[in-house]
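Labels A, B, C and D are assigned to the chains in the order they are written; within every chain, residues are numbered from 1.
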Amino acid sequence: MNKKYLREDIIRMSGVNPKKCMRCGKCSGTCPAYDEMEYHPHQFVSMVESGDIEPLLESDSLYRCLTCFACVERCPRGVEPAKLIEAVRLTAIRRQGANRLTPNDIPAMLDDEIPQQALVSAFRKYTK
Amino acid sequence: MQKITKEQLIERASALLRDGTVNHVLGWAQGEFDYDITPAVFSDESSLTGNFVWNDFCGANFSKYLVSKCRTLEGKILVFLKPCDTYSFNQLLTEHRFDREKVYAIGIPCEGMADIDKVKAICGDGISSIDCSGEKLSVTSIYEDSPISVNTADVLTERCVNCKSKKHVAYDELLGDEGDILDSARFDEVAKIEAMTPDERFAFWQNELSRCIRCNACRDVCPACTCEVCVFNNPKSGVENKAPANSFEEKMFHIIRAFHVAGRCTDCGECSRVCPQNIPLHLLNRKFIKEMNECYGEYQAGETVGSKSPLTDYTLEDLEPGEVFDRGDINA
Amino acid sequence: MQRIGVFVCWCGSNIAGTVDVVAVAEALKKEPGVVFSTDYQYMCSQAGQDLIVSSVKEHNLTGLVICSCSPRMHEATFRKTAQVAGLNPYMVEIANIREQCSWVHKDMPIGTEKAIILGKAAVAKVNLNAPLTPGESPVTKRALVIGGGIAGIQTALDIADAGFPVDIVEKKPTIGGKMAQLDKTFPTLDCAACILTPKMVDVAQHENIRIFSYSEVTDVKGFIGNFDVTIKKNARFVNEDICTGCGDCVTKCPQKKVPNEFNLGMDNRSAIYIPFAQAVPKVATIDPAHCTMLKTGKCGVCSKVCKANAIDYTQKDEFITERYGAIVVATGFDPISMDKFDEFAYNQSKDVITSLEFERLTNAAGPTAGKLLRPSDGEHPHKIVFVQCVGSRCDSCAEKGKEYCSKICCMYTAKHAMLTRDKYPDTEVYVFYIDVRTPGKNFDEFYRRAVEEYDVHYIKGMVGKITPEGKKLMVRASDLLDGKQLNIDADLVVLATAIEPDKSARSLATMLTASMDTNDFFTEAHPKLRPVESPTAGVFLSGTCQGPKDIPETVSQAGAAASKVIGLLAKDKLKGNPCVASSDELMCNGCSSCEKVCPYGAITYENKEFRMPDRTTRVRRVASVNPAVCQGCGCCTVTCPSGAMDLRGFMNEQIMAEVDAICK
Amino acid sequence: MQVKEYKPLIVAFCCNWCSYAGADLAGNNRLNYPADVKIIRVPCSCRVNPMFILRAFQRGADGVILCGCHPGDCHYTSGNYFTRRRMAMLFSMLDFLGIERERTRVEWVSAAEGAKFAATMNDFVTQVAALGENKRLEDLRCKK
């Protein structure tokens, strides 16, 4: 995939403007999963901004983010790094074949065994 | 048919006259025909019962009349306001044009007003009377033996088809039910013209505005045009002009008029209602409203008293005049 | 009908080289109103001006058109000439046929043609010119300074030294402001009190200065040269004139459990108090919210111990109205509230403090007598973390802090870190920064000393979370340069909080019709060229009310504001610009549109009685422009729907006439 | 016989503090622009009433350009912000009526931008000349 397109896609999916980042590192300062990560929240922001996304997609760090939103809550510039990480994660998942879900696909998936929340969150993810 | 009846209005007005709350009533009176209703001042109960009317042709917006009536009439004035009239009412208050203390405003619901030209298009000329009391209009013509029945919805004025609000934004007392602000398609016609080529637009307006006879009815009825002295009557303004001399002057008149009311026009549609040449003047005002909404954020003049119009305000990040054209090319 | 004289200047060959000046003079002779037309080599020379003066007399001229260089060059010159010739100076119009004609066009016929058209436009305008006289208004030779911090003190002293009376209004019981609370000042490390308190004494002893302490401005009317200001003197229940400031009442007052605002609540004071030892005026004040006598009517100890008999429990708020020629705003700043920043645990732990609190903790006159002790247990801290940019540089959508950089925090944090290491070498000091901003004389050198000589650990990265754990504060942050997350068990955390304008500034701005930015800082009349003036004439800005500043900057701005005030007060009368807006009352609708766009607040409305043609009278709301305040931009004229508002010197008719002349 | 070259008539409104000074600077630096441009001095761009612009067109101007201080630099602090809104709306209305949008322009020219002033005028004159005479707005009685 084209590098620029990938960057724009992630920015669109996340709704985050990485240019607002002032490189203070408060997100990484606050991250409870910091030590588990190869790339830290502030690096996600700056690497997406510079279009250097492939290393992020290949790194385990994607799955170390707990989505606790501490970084979102505390970012002084309103950048919301967790949403950006989520978008990169989605990109990785899409590459593995899991793809979009439309409302029409839901009825076929309805099953008493599947918790409602799972459906809702899957739907939320795959419609972005 | 209007949901609230003439009798209800007369009864309330009479009661208020009787208990001294008000001294005058600004209402509609019968004209020569059933459809040419005129504004009138009623000062006693008997004239109310005799001449007051309320039907599908009571389009006149009374807000403007308050400017002069508050000055000339002693005591308190009762005014009936349809939802769209209340916006003009507020706008005039914003501009300190009349004394709120002297006015008792009753909000009345409106089901939309009928356009006599549309009725005539269906029934032809020679209309002798129109009965608005039923579900449908019952039109009697000197050329027809039996009354013709006309669907109200088919003959609504343009402004009522695209009604922006059934909600009253100002009143002392509300008769009937309160409505909501509506999602109207009022800018569709403007968008259609915007989509034309410049040559088509020029031809369109040339055709429309060349019919102008400079009767000044649009100005005289406009609730935003309440200037003590209009620039077109003022020899010092440099644009004083009483009659159209050529193809440009009426354009100049209408552009300047639209600009003068820009940001203050509540889109009440009176200009187009009274135009004897049926020029869609409201489109000029709506163009400004649409443009200001798109460039500077939604703004409805008269929604609140004291609001600042987009042209008396600014932000540091406003679009440049050139960029206004570039934002999604309207000529594409 | 005007009798216009046209004078075409050659400007040597500057104009005559490309423009046939004789042809221009000849062509303009035919214009309506022109009775005389001539050309001359140098119209601005003495001989040229003499020619104008003699022609005016000879031909009985009433208006002049000078076809010459730019009016920006010689308009003033020719206006004076007109005056010498006995004409009103505003009966002169210049046609710019040099900069905007001969110098930009090469072809003689084209240049001549354009010069004629420009001349015609000027003639058309002069035909409609009217004599204008600048309005005059007297200047009250007294200045008001609002705010008694270092900015207000310096401005007041400078104005008073120039011989003009000054009143300072300060809402606290003493002047001194924030600087009085500081310990040392960067980058020279002078003791704040040592340099401030002598100035406070100077203020108190200056014959030209009156201090209204414990007072506030409640109303402002009028305009430049003539502001009528109402000052509310809050009741302090002590007769200021008699109180000797001996402090007996303070020691004897039984109510001693009132949080001491001067020490930011880190210790207590009594209900009757003197904020600090060097307070000016040094008089006691009773805090009515805590005084038992005032609340219950039972006590009266202070009254009994006061040998001067200065205590007066019946004192009432007093309102004073005074007229001033100029007003200086020096309302200063406050640190922002930390309530929205839960992650820094400010409200959970006493050992998380703001920098201003740190100043008090290290100040010899502070709650710990200058010993750096933890507020929670009074123990000496061994590990201190400083956090910079707390609440500064925040995005507006985050809605916690301020968008701007507070400017002073980098330097005072370096100062705090350095002083701590100097006094307590056994203490480890960390500073978490995003950027260290040190533009200023000796500023970067100062910061480098903190790092290089005093071993302060500067770490790039914002603190994410502070958690109190037992006696420690766990500070979690990322070190962006080393790429690791840090967990520091600190004993004390100091937050470099953002500063914001004082809360009273907004209502004051409304009273003064002075404009403010979205952050409530006062805006200056021009960001580069008029930085100490407000757009409202006669209102000047001093110190942090205009934007974050350090002390040297504040003092220089204070001096600049004072010099502007002195310049104003030195005049006996203010001559206005006669090219101001004016409203034709007969046409004015009173709709308030013009008021909304006026940047100077020059337009007011009044209800005026008009006689109608039918001999009745009618009261109408109409606009009136204060010519002393109006600067003549003309914005109102376009907003006015009825065309009642017009601009003298640039009337609608005049500009239309120019347009017509050009398009003919 | 040579065909007479078409010369557009351009009215330029310049604010006294920035753009008029910019025009003077263009003169000082001898930067040429067509003599078709005639400048009217106003205290601030916000002094320009839409009526002046319409009047110019009515009397036969082929293009009208309005020059003011850059946003943020207005001598009167906020005048050009109002100009920006007013002119954006007026020009958009003229466009709505089918009048060529290339005939109107607002340009911010500072007192230091003599070169920009000359370049702007050259560009605007070329642009208007390409459109030819203004037929849609003029009042025929006023044309000789």
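Keep this in mind: a residue touches a chain if its C-beta (ideal position, glycine included) is under 8 Å from a C-beta of that chain, and two chains touch if they have at least 3 such contacts.
Please read all numbers here as calculations on a predicted model, not as lab measurements.
Among the chains present, the centre nearest to the common Cα mean is that of C.
If you compare B-C with A-C, the chain pair joined by more contacting C-beta pairs is A-C. Per-chain CA centroids place subunit A at a distance of 47 Å from subunit C. Note: centroid distance subunit B to subunit D, computed from Cα atoms, is 36 Å. Within subunit B, residues 231, 237-238, 311-313 each touch two or more of the remaining chains.
Residue positions of subunit D touching 2 or more other chains: 50-51, 55, 72, 78, 82, 86. Here the chains touching each other pair up as A-C, B-C, B-D, C-D. Across the complex, subunit B meets subunit D through its residues 190, 193-194, 198-206, 231, 237-239, 245-249, 251-252, 255-256, 258-259, 262, 284, 287-288, 291-292, 295-296, 310-316, 318-322, 324-325.
Within the complex, the subunit D residues that touch subunit C are 9, 11, 16, 20-21, 23-24, 26-28, 30-33, 35, 38-44, 46-52, 55-56, 59-61, 72, 75-79, 82, 86, 118, 142, 144. For subunit D in complex with subunit B, the residues that touch the partner chain are 50-51, 54-55, 58, 71-72, 78, 81-82, 84-101, 104-106, 136-141. Across the interface of their complex, subunit D is touched by residues 70-73, 96, 98-101, 103-107, 110-111, 113-114, 117-118, 121, 515, 523, 525-527, 535, 579, 597, 599, 631-635, 637-639, 647, 650, 652, 655-656, 658-660, 662-664 of subunit C.
For subunit C in complex with subunit B, the residues that touch the partner chain are 586-593, 596-597, 605, 618, 620-621, 639, 641-644, 652-653, 656.
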